[in-house]
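Multiple structures are listed underneath, in structure tokens.
One chain, chain A, appears in both complexes that follow, with chain B as partner in the first and chain C in the second.
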Partner chain A sequence: MSELLEVEDLTVTFRTTRGPVDVVKGVSFTVAGDETVGIVGESGSGKSMTSLAIMGLLPKGARTAGSIRLNGAELLGRPDRELRRLRGDQLSMIFQDPLSSLNPYYTVGLQIEEMYRAHRGGTRKAARQVAIAALGQVGLPEPERRVDHYPHQFSGGQRQRVMIAMALVCEPALLIADEPTTALDVTVQAQILRLLADLRRQSGTGMVFITHDLAVISSIATRVLVMRRGEQVEYGTAEQVFAEPRHDYTRMLLESIPRIDDEVEEMTA
Partner chain B sequence: MTLLRAENLTKRFVSRGPLGARAEFTAVDRVSFDVRLGETLAVVGESGSGKSTTARMIAKLMDPTEGRLEFEGEDVTTAKGAALARFRSGVQVVFQDPFSSLNPRHTVERILMAPLLYQGIAPKGGRRAHAKELMERVGLNPDHSLRYPAQFSGGQAQRIGIARALAVNPKLVICDEAVSALDVSVQAQVIELLRRLQHESGFSYVFIAHDLAVVRQIAQRVAVMSKGRIVELGPTGQVFGDPQEEYTRTLLAAIPRINPEWDRRRRENS
Partner chain C sequence: MARYVAGRLAGVVLILFLVCLFTFIIFFTLSPDPAVMICGKTCTPERIDQIRDVLGLNQPLVTQFLGFLTGIFAGRDYGSGANLIHCSAPCLGYSFQTNQSVWDMVVERLPVSATVAIGAAVLWLLVGILAGLLSAVKEGTWWDRTAMGLALGGSSVPNYVLALALQYVLVVQLQVLPFPQAVAFGDDPVLWFQSYLMPWIVLATGYACLYARLTRANVIDTLAENFMRTARSKGLSPALTMRRHALRPALTPIATIFGMDFAALLGGALITETVFGLNGVGKMAADSIAKNDQPVIMAVTLLAAFFVVVGNVVVDLVYTRLDPRVRITTP
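Right, the complex of A and B next:
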């Protein structure tokens, strides 16, 4: 099986007082074991709902149809208990705001250790060594000391590194990154993007990278899915989507982005 | 002609720890610049650079610890009462989040009439008609003047925020991350609107932003801030095309770019 993840005709429906609303409408894409697929769209496009569907983390009351297969095994309709076992182990996710996904009352070391032991078992002592190694791998200086620090003792960029360490500690087959650099300063964003690309290459983890930022996607993804109002507008290699967009919406998005290197027409003051 | 002059503006914050330990933090450190009539000056920087504190001081939403602020040649550093009201009729602010800066219980009409009531201005044709005119100027349907902010999209709500800033016919509009929260297609429209409004009325902008590509579209001059200080200030083309400071170069290099080869092919095809 060359494809790690296969999403086929995925539909996500919410029941509302005004009747059912499809927030994802028939989306299909695949992720190979060693590539990054970017999902790009504006707010309300359904890109985050697609990632939550893959993780089995949709809000209660959401209905799904279609198919999501990881290494050929269907994920949709699996009981919660089995999905919990997969999450953190086979499937991991990082979010925009690491502070709200880390527990403020526990040291980051303890949180990484718990994640590791929940899936791999072993002694606390062994797990602590794994946590230190994981923190070192994401480029945190002095991991032996930092492992005993609490989330608030880290900067925004460092916290995202901690989240990445936690997400990758069980060497998952697939990492879903949902706007992981959106809240970061541009210089920190550049570091995190480089780190994610390096780690993905070293570990052979497949990645789904969700963002509203086309320039970020251009720098990290091999294939790109463009979404709008729950629908799949365009899907192709990054080169095709950026160089030869087939859809007007993609073209409009690409033309809307302000570019730093462009000559700007003179303005009359 | 110089409209606003900031001279050595400094803001220090003092915090007290649990044991009464006094810690001082300098958010803005001796910042000086001029804003000329009709120009757009951008202030850019990363989080903690002091750009928002600077914006708040020149908008007189916060007093500087040290330094001096002049507007139209008049010292307004400690302006109170009538002098402050006069300042506010000349300087207006557009904030990042339109929904938290617009009263959710007031209709658009009431929101747009409020600055006129505060300033005691009675426009010809009445305040209601003026509110509708403002809506038209920013591309909103004036028939929606009795709707509430929640009934508008994010981009439309930001247009209401812009219309409110223009209600008193200001000479300077301070945009504090005014387009940062908007989707890219909406952002492009709002930038275009800001440029058109300036072209029509000839006022100045101080445009506070973290996104340098956006700044490039709108500003004639740029001040780059880092750790509370202005590290570089000059014409936009020069600062972005030939940056003199290491920090500016690092900032510019970090901006993600669409593969230029792909971009070129797309433009040739379209």
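Right, the complex of A and C next:
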């Protein structure tokens, strides 16, 4: 497995009135072309800032140090014009709240089309066919009709499907999913996770999956990075991290998972 | 949709009826006897009786009110026999001061008020929205602070102060503009423009300041929305991101406010018109109130109410076009 994404000693610093604050401190991990790496941590642990740093979408005033390489090419310090060409094309992202992440004033079709056309060009008509196909691929029924609907006409799970369809429309090399199931209810969560895993496998996209939920990570990731207060406290294969956590914090996180497995066994027995 | 529009129009009719009723009660029962006012200095009791008879002031209030309403839709007659005067629909009566038909006065003056309102609206939309946009994009810079400081100051200057200051500086001192004159566009377009320029600026200043601040706040809020982060993550050009994703959500509420502000101005810009001596509906309102010219007061009040109420309905209908969440509620 060649490395698709290499993050090395990444540090993100914000200047505040009380001096500089490091929100990400020396994080290093790699994502191979065809795997899912999970980043776990509680809110404020720096996991979202890590993903925004990869996308080049950190808020103004944030400073970065270290290195982020995509297929060997350095991303940090590249002008925004060049990063923009990668964003949406090579690098794609889905966000936590699918309703507020879609623009309420435009149809989902247009929002997928504009992204496709920004990178691939072509007519609106052609892009519309691509959008319809993308919506069908994420399992939305009647994509020809739904393509003209507005975000508020979809349910929560459907909206996240739209986001996924959009994120994958240019067949990116790397997909960053930032808590994509947190805002959804449990049964829909499982469907979205399965969809993401399936699509990733089919397209051979590398994925960074960010969550605060270790149970979700265990089902989807091959490698796991545990973050706490901006620091990397554990990094290893999923088996390693779950079977023999080396850090007390990981152990604590693992113990906080409700023991769903036991209950399921009791119920089916 | 048709049902919704019909419902709204029924509401408009009801509101205008109530405005009619209350204005009628207030001006015709709480103010001095119009017959005495019309009669003037050389007055005899017989003459007062005669005037009362012609105007129908001897009749019960309900009959008078119905007479007023009938006049608007079907026309009405004043007096009887040799004194009979027919006032054809839409009849708003005759001015106590000039005996002119109030409807004719309105028709004559409405274009002036509309000219003042339209010109000012163009000016304040351009200046206000552009300044607000720039401020939002350059939030926290010297431009932003200067523009917002000016906007705060500008919205605190009363119109009459600004009008007098402008006239003093531009007309008296620098002499770059002639003194405003009542001239038709067709007769002398240049003088027409020069005459309306100061009223436009004066009227637009307060609104421009308000709209700049509104635009800035709305754009800054929109830029912080999650869907803006999505737009950036899609690799769209900054221009498209701004134009498509930020401007429409940010400016839609401004369209609503604009509709109502503009509608209210069609009912006359009282202070601006009076200060510049423009014969618009606003000046007509000021004059009629000063002289207790009840039929004219009734007319300007009704006219203002009409524009505000109709403006509100139009704004609501336009809003359903602008925001798909209002337009389409079915999943």
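Here is the rule we go by: the second predicted complex is superposed on the first by the 259 of 269 C-alpha atoms of A that agree within 3 Å, B and C clash if a C-alpha of one lies under 4 Å from a C-alpha of the other, contacts with A are read in each partner's own complex, and residues count from 1 in each chain.
Here is the rule we go by: a residue touches a chain if its C-beta (ideal position, glycine included) is under 8 Å from a C-beta of that chain, and two chains touch if they have at least 3 such contacts.
Predicted, not measured: the structure shown is a model, and the values here were computed from it.
Engineer: Go through the superposed model and pick first if A:118 touches only chain B, second if only chain C, both, or neither.
Structural biologist: A:118: touches chain C, not chain B.
Engineer: Between chain B and chain C, which one contacts more residues of chain A in the superposed model?
Structural biologist: B
Engineer: Quick check on the superposed pair: does A:197 touch chain B, chain C, both, or neither? Answer first, second, both or neither.
Structural biologist: So A:197 meets neither chain B nor chain C here.
Engineer: Based on the superposed arrangement, let me know which partner A:95 touches: chain B (first), chain C (second), both, or neither?
Structural biologist: Only chain C; A:95 stays clear of chain B.
Engineer: Can A:152 be said to touch chain B (first), chain C (second), both, or neither?
Structural biologist: second
Engineer: Given the touch rule stated above, what does A:32 touch, chain B (first), chain C (second), both, or neither?
Structural biologist: A:32: touches no partner chain.
Engineer: Return first, second, both or neither, reflecting whether A:218 touches chain B, chain C, both chains, or no partner chain.
Structural biologist: Touch status of A:218: first partner only.
Engineer: Can you list the residues on chain A that touch chain B in the complex?
Structural biologist: Answer in residue numbers: 42-43, 156, 185-187, 189-190, 193, 212-216, 218-219, 238-239, 242-245, 251-262, 264, 267-269.
Engineer: Show me the residue ranges of chain C that touch chain A in the complex, using the header's touch definition.
Structural biologist: 225-227, 229-237, 240, 244-245, 248-249, 252, 323-325, 328, 330-331
Engineer: Touching chain C in the complex: which residues of chain A?
Structural biologist: Where chain A meets chain C, its residues are 55, 57, 84-89, 92-93, 95, 97, 100-106, 114-115, 118-119, 150, 152-155, 163, 166.
Engineer: Quick check on the complex: what are the chain B residues that touch chain A?
Structural biologist: Touch residues, chain B against chain A: 36, 38-40, 46-47, 154, 183-188, 191, 195, 199, 210-214, 216-218, 220, 236-237, 240, 250-263, 265-266, 269-270.
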